[in-house]
Amino acid sequence: MTTSTSLLYWRIQNVRNRGLWWLFAVVAAFIALYVYLFPGLLSTGGISKFSQNWFPLALVSMAQAVLMLAGGISLSIGATVSLGGVIAATLLAGPLGVAGGSAVVLLVGAATGLASGWIVVRLGLPAIVVTLAASFIIAGWALLIMPRPGGAVPAWFSDLLAGNTPVALGLLVLVVLLWKLYLATPLGLSLYAAGENPVGAYRSGAPVDLSRIAAYGLSGLLCAAAGLFVAAQTGAGDPVIGNAFTLNSIAAAVLGGVGFLGGRGTMRGALAGSLLLSIMISVMFFLGLPPVAQYVAQGLIIVVAVALPEIAAMRRPRT
Amino acid sequence: MTSPTERFAAARWQAVLRSRPMLTVAMVALAWIGASFFQPGFGGWRHLRYLLELAAIVGLVSIGQTLVVVAGGIDLSVGAIVTVSAIGVPLVTWLADPTGTAPALFILLCATLIGALNGLGIALLRVHPMIMTLAMATFLQGVLILIAGGSAISAQNAVLSWLGNARPGGISASVLLWLLASAIALWLLHKTPFGARLFALGTNPLATSLSGIGVRSTTIAVYAISGFTAGLAGALVLGVNGQGYVGIGDSYLLASIASVVLGGTSILGGRGTYAGTIPGAILLVTITALITMLNASAGWRNILFGTLIMALLLLSGRERQRR
Amino acid sequence: AANCIKGDRKPPYTIGWANIYSVPTWMKETQGTIEKEVDALKAKGLVSKLVVTDAQGDANTQIQQIQSMIDANVDAIILIAGSSSAPARVLAAACAKGIAIMNFDSLVDTDQVTAKINTDSAQWGAQAATWLIDAMGGKGNIIVLNGPAGVSVSDDRRKGATPVLAAHPDIKILTETNTAYNVAPAQEAVTNLLFANQQIDGILSLGGALSAGAINALDKEGRPMVPITGENARQFLEMWKSKNLKAWATMQPNWLGAFATYAAVQALQGKDVPAFVKIPLPVISNANVGEYLAKAGDFPADGYIYSPYSDGLFDQLLAQK
Amino acid sequence: MTQDAIVAARSISRSFFSNRVLNDVSITLRAGTIHALLGENGAGKSTLIGILSGALAPDAGDIDIDGVRHAAVRPAIARAAGIAVVQQELSLTSQLSIAENVGMGALPRRLGLIDYSALMRRAHEVCALVGLEQDLARPVGDLPLGQQQLVEIAKALFRKPRVLILDEPTSSLSAHEAANLMAVLRRLRDAGTAVLYISHRLNEVLALCEWVTVLKDGVVTADRSLGGVDAQGLVRLMVGREPGDLFPRWTPSAEPAPIIAVEGLSAGMVRDVAMTIRRGEVLGVGGLVGQGQEDLLLGLYGAIPAVAGRAEFNGVVGLPRSVPQANARGLAYVPADRKREGLHLIHSIAWNLMIPSFGRAPSLAMRRTASERERAIALADRLGIKGDLTREVQALSGGNQQKVALAKWLPSDPPVLLLNDPTRGVDVDTKREIYALLRRFAAEGRAVVLLSSDTPELVNLCDRVAVMRAGRLVRVLERTELSEEAIVSAAMESAVPGAAA
């Protein structure tokens, strides 16, 4: 009995890969192509640099996926990354030091997320517009703190996170482990229930509101962490650097099979989606595509990658 | 058996007054009256007329956006379509026509086709609208690299510059165009089976499909309409500015979504009316104008704008949680 | 030798052009000058290939693309930065590998590049303000039109104008705006400001196509034209002529791209290149606006009419200390 | 058998927007008793249990739990007192596994984390109890509706309830699963659990319950022991007048020529089915839950991809490729899951009734409010949908929602009606109306395909019954061989080679 019971967790995990194999295959194919075009990728330096460029997108994709799983969405991802970055570049070299400064960044990120979450969940406003309005407010704060790019991050910290060692990859693994740990708590698992069937989940006694607000908090935290990393990676702060992350995070999550209606998708899918987006940039460069072709190819790849499993699902008999 | 009045509770005039669109109208009136007190020059007829002209363009884009949102989707490519249209008209020089009607119609056709292509991807490939239209916007950026700066020898387009600048009887031609388009949009949405299909689709696509409504054709049609109205707005933008350039349509994406939401249409689909979007668009340009007039730093202007939108949402956008 | 250059790279060179956003017309014209220069250098056997990236406006993507250029071991990177801070560290890595880095237009706050090439933004702001105050007779109400917020070029130009304006207490700034360097948003902002401010005596417009938008606004509301500054946008220059404006313009010449390419090859060949090549601001005034407009047909309708350039001019610029 | 009251509600009243749904209702649930709560659709049953379980607050009245008085029960109090509810509407999360769903809201934990071994062990127990033999790691969304209902029941049992409230738990279960469930409930009762059982299947109530409370328009009209009450008496209690027969008398009217004939049909989990449907007959489709019955209907309706060796529909060769095409050939489909598949909940009753005609009418034809109203009223009258038709459908009780889902197809006079459990959750009176309606359809020369989990319905109403198992059609029982036993044994037959256990 015990052997089969302790395996339940892993069997569930395995079932959840279903529908993602094709995506993993596409990602693997892109990685193979990348390695073929640039064999240096397989060195420590190559992996380090690549994972550093992927890391912030991976974090914001997780931030978006958490919300989409909870039946929400955020359009303030980019602004929160920027805010995190400018606070980091203001504080890290100051009296609070790296540890204190980082703590403030993460706290501010979580607080902005919790505030949006509270408004969405408690006041019953649609997430997409609340976070749109929030994005203006957050971006405004970033501009007030730093009207133009500047500030500084201690060089040792930059070298630690974004030097020639794969620290970023290690951090990503850590974040994924923490996420698995979170999902293994009743609060974390309730996320799926709250996202898909909030009424049913509430009646079952799942902490619906709490888990949804917590999702916003986590999301803000992840965005601020991405901002902190970008500040370290670039050595400074920039009040508008995060803008592109908003739409990219949605694209990554959806590529990874996370649905808009809540409760559908997995974090591993969102991560694979972000990896695909990130790899695409480098692969298109090494293929020597001109910018026109880059835009067209990017649009096509995203549409095809999202459409493929849908079409496959239509053909597959229901079980 | 039973009398119609018993089975159909009459809509009371109090209910109409308390409806979302009326609420938005009230907010516009409040904003205008308040601003006229605090900002000399704001409440003049000429300024209000100018705000209506700005709102006309936003409003035209929002026609498609409202229909799409009612049908449970969203169109993130409207900004790119506005740009393509504003840049495209002067480029179709082979359609020589002194009135400029032929090139304008041709570009409207292209815009409609782009929209239909969105619809095809969403209906047939089952790509989520947000992704499909986002990818379309990216794709159109690629197209713009090819045609932008392509020596648009802007032969002035007579029809469009009349639409963009004329004020017959003191009322702007663009506003008249908007009125006409609004009437058609309201008729389409509330008085035709097509409009009813949009509401059905936005409420429950599965039940809609099982009820024998052609979900695919409806989807394709509604995105085509959105392409058309965005194209029309782009043509008008060209008329107003006398020239199109890359990026001219960018601001209309968020503006169209914001005015739809401020007008009380549910972003989740299935509920709403263009009658709310009209004051929504006016409200949005009014807020933007007010904030422009303030002498504040960019950061504060952003914060103020976000806070105002959030506050207005609390008034007009309360959404019963549903699924 | 110039900064970053190790002297181990032999022609023909591979040039990487790390663009931030290739869609706008200004960028397209700039790319045109780069391609033309590359063709000329190819003919001389100095360049073998031009690789182009487009970061789609995203500074993070640009970092990744520069990293790819390093991985592909290009010999030179010419760069318009998406952020004045973000690419600093990846550029340091490129510099360490002996890649010639020519940064122009939007600059990066780092000295780990071979050279920065630009007009002086602060000087731009100061000169524009000086001319405007002069044209207004030293007093009156103005509005200030800035480029987008949070971007150093726009911030620098405004900062350059600040001391000049402060020195003239009779000049009153009614209000300022930040918009993208485009016609429509400027027109909308100025129109709204016109209604709020009955007396406007001058417009300090700090670049891009903002001035054309402002003139459109004045024109449509039937307000008198006022002294205005601006940039070399074709539409603005055409209005200037047709409405007989009192105006002043300078430019960010598109041939900065060609020059950066040229300078990169020079540096790779061991020539000394100054760390900062300051491009004198070409001034367009009522005296010479006709000359520019005579060439208008060679430029896109929504484009920028830039001053002529030649290798001779480039050599001269490189020779300055 | 003990008689201790665990929950006693007194003088409960509750209104929704000035519409009084419960009026001075009292009910007592005792340990070791299975207590039936009956009433017509919209009588207030679900509202009452919502109040007992803390999902809703009463406007007036109070509730004693274990002798402690509460003005309103909060969900936490109800949970702590061991009150568990199997809701009428599913409360499941489709992407989570069966085990996680069963445990949701009461997950066993160790060091703050979910204890998956304990979850596995206990979920396994309760699933075995309700007869759900599935891999517990499977996502619930994979299961057919009937099995999801079993998960829902297992979820309630998982909480080891002292008071178990079931709101129409068997509405989509077949006779076999229902019998299984009743055995479980009897065992729980014997162990001292108080059970409150809501069902519109009166034979179940008679077989199972000892006590009954009847609600009518929000008022208690009976609260008594079921001893000595027979089926007729039960109906009399509910509707307050002499009941007629539940099933109409009818004579076979089937024409020999089929209106639909398919061979080698495969769709979803349906494999290689050959069948004919004749004008003038009611063809039943039965079997255990989730054996492909629904996919059969959807495949015929063009709603899921289907292939067939040979197919003829109403004279046209080939399967319909889409729903509008199926409609054009005269098919109409009424889904089982009315909320998800049948209705547009946030819109009015009248509007819902018009939807199929919106699909048929030319896109830009002018809609006429007056004629739409007339048609809506006529339809509502025909199926006995009472009250203001501008109300949102979501405010209707389950049974009335079902009527709307069926009524909307009537104006198009479809020659073939595909019905997926049309009486699920419908009260006896309405059932009677629907049955009469179905036979009338048949008599008019229409074909009705009736997928039903309610076996008596199949026996008494159908000309023939097709029994499915594992996606295949295993038997077609002719009228002469029809009986509940015959259907159940055909459904359970393991003679079919290759059929899964």
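Each chain gets a letter, A, B, C and D, in the order it is written, and its residues are counted from 1.
Note that a contact is a pair of C-beta atoms (placed from the backbone, for glycine too) under 8 Å apart; a residue touches a chain by one contact, two chains touch by 3 or more.
Values in this document were obtained by computation on a predicted structure and should not be read as measured data.
The fewest steps needed to get from chain B to chain D, moving only between touching chains, is 1. Look at where the CA atoms of chain B average out and do the same for chain C: the two points lie 34 Å apart. Separating the CA-averaged centres of chain A and chain D is a span of 41 Å. With each centre defined as the average position of its C-alpha atoms, the distance from chain A to chain B rounds to 31 Å.
In chain B, 138, 141, 145, 297-299, 301-302 are the positions where the chain touches two or more neighbouring chains simultaneously. Residue positions of chain A touching 2 or more other chains: 142-143, 147, 197, 199, 291, 294-295, 314. Pairs of chains meeting the touch criterion are A-B, A-C, A-D, B-C, B-D.
If you check the complex, the residues on chain D that touch chain A are 53, 55, 75-76, 79, 85, 87, 89-97, 99-100, 104-107, 109, 112-114, 116-121, 124, 135-139, 142, 155, 266-269, 295, 304-305.
Put simply, chain A touches chain B in their complex at residues 71, 119, 123-126, 128-130, 132-144, 147, 197-199, 247, 250-251, 254, 260-262, 291-296, 298-300, 302-303, 306-307, 310-311, 314.
Those residues of chain A that touch chain C in the shared complex are 38, 40-41, 46, 49-50, 53, 56-57, 89, 142-143, 146-151, 158, 162, 230, 233-241, 243-245, 248, 278, 281-282, 285-286, 288, 290-291, 294-295. Within the complex formed with chain D, the chain A residues making contact are 1-2, 4-6, 8-9, 11-12, 14-16, 181, 184-186, 189-190, 192-193, 196-197, 199-206, 263-265, 314-315, 317-319.
On the chain B side of its complex with chain A, the touching residues are 121, 125-128, 130-132, 134-136, 138-139, 141-142, 145-146, 254, 257-258, 261, 266-268, 297-307, 309-310, 313-314, 317-321, 323.
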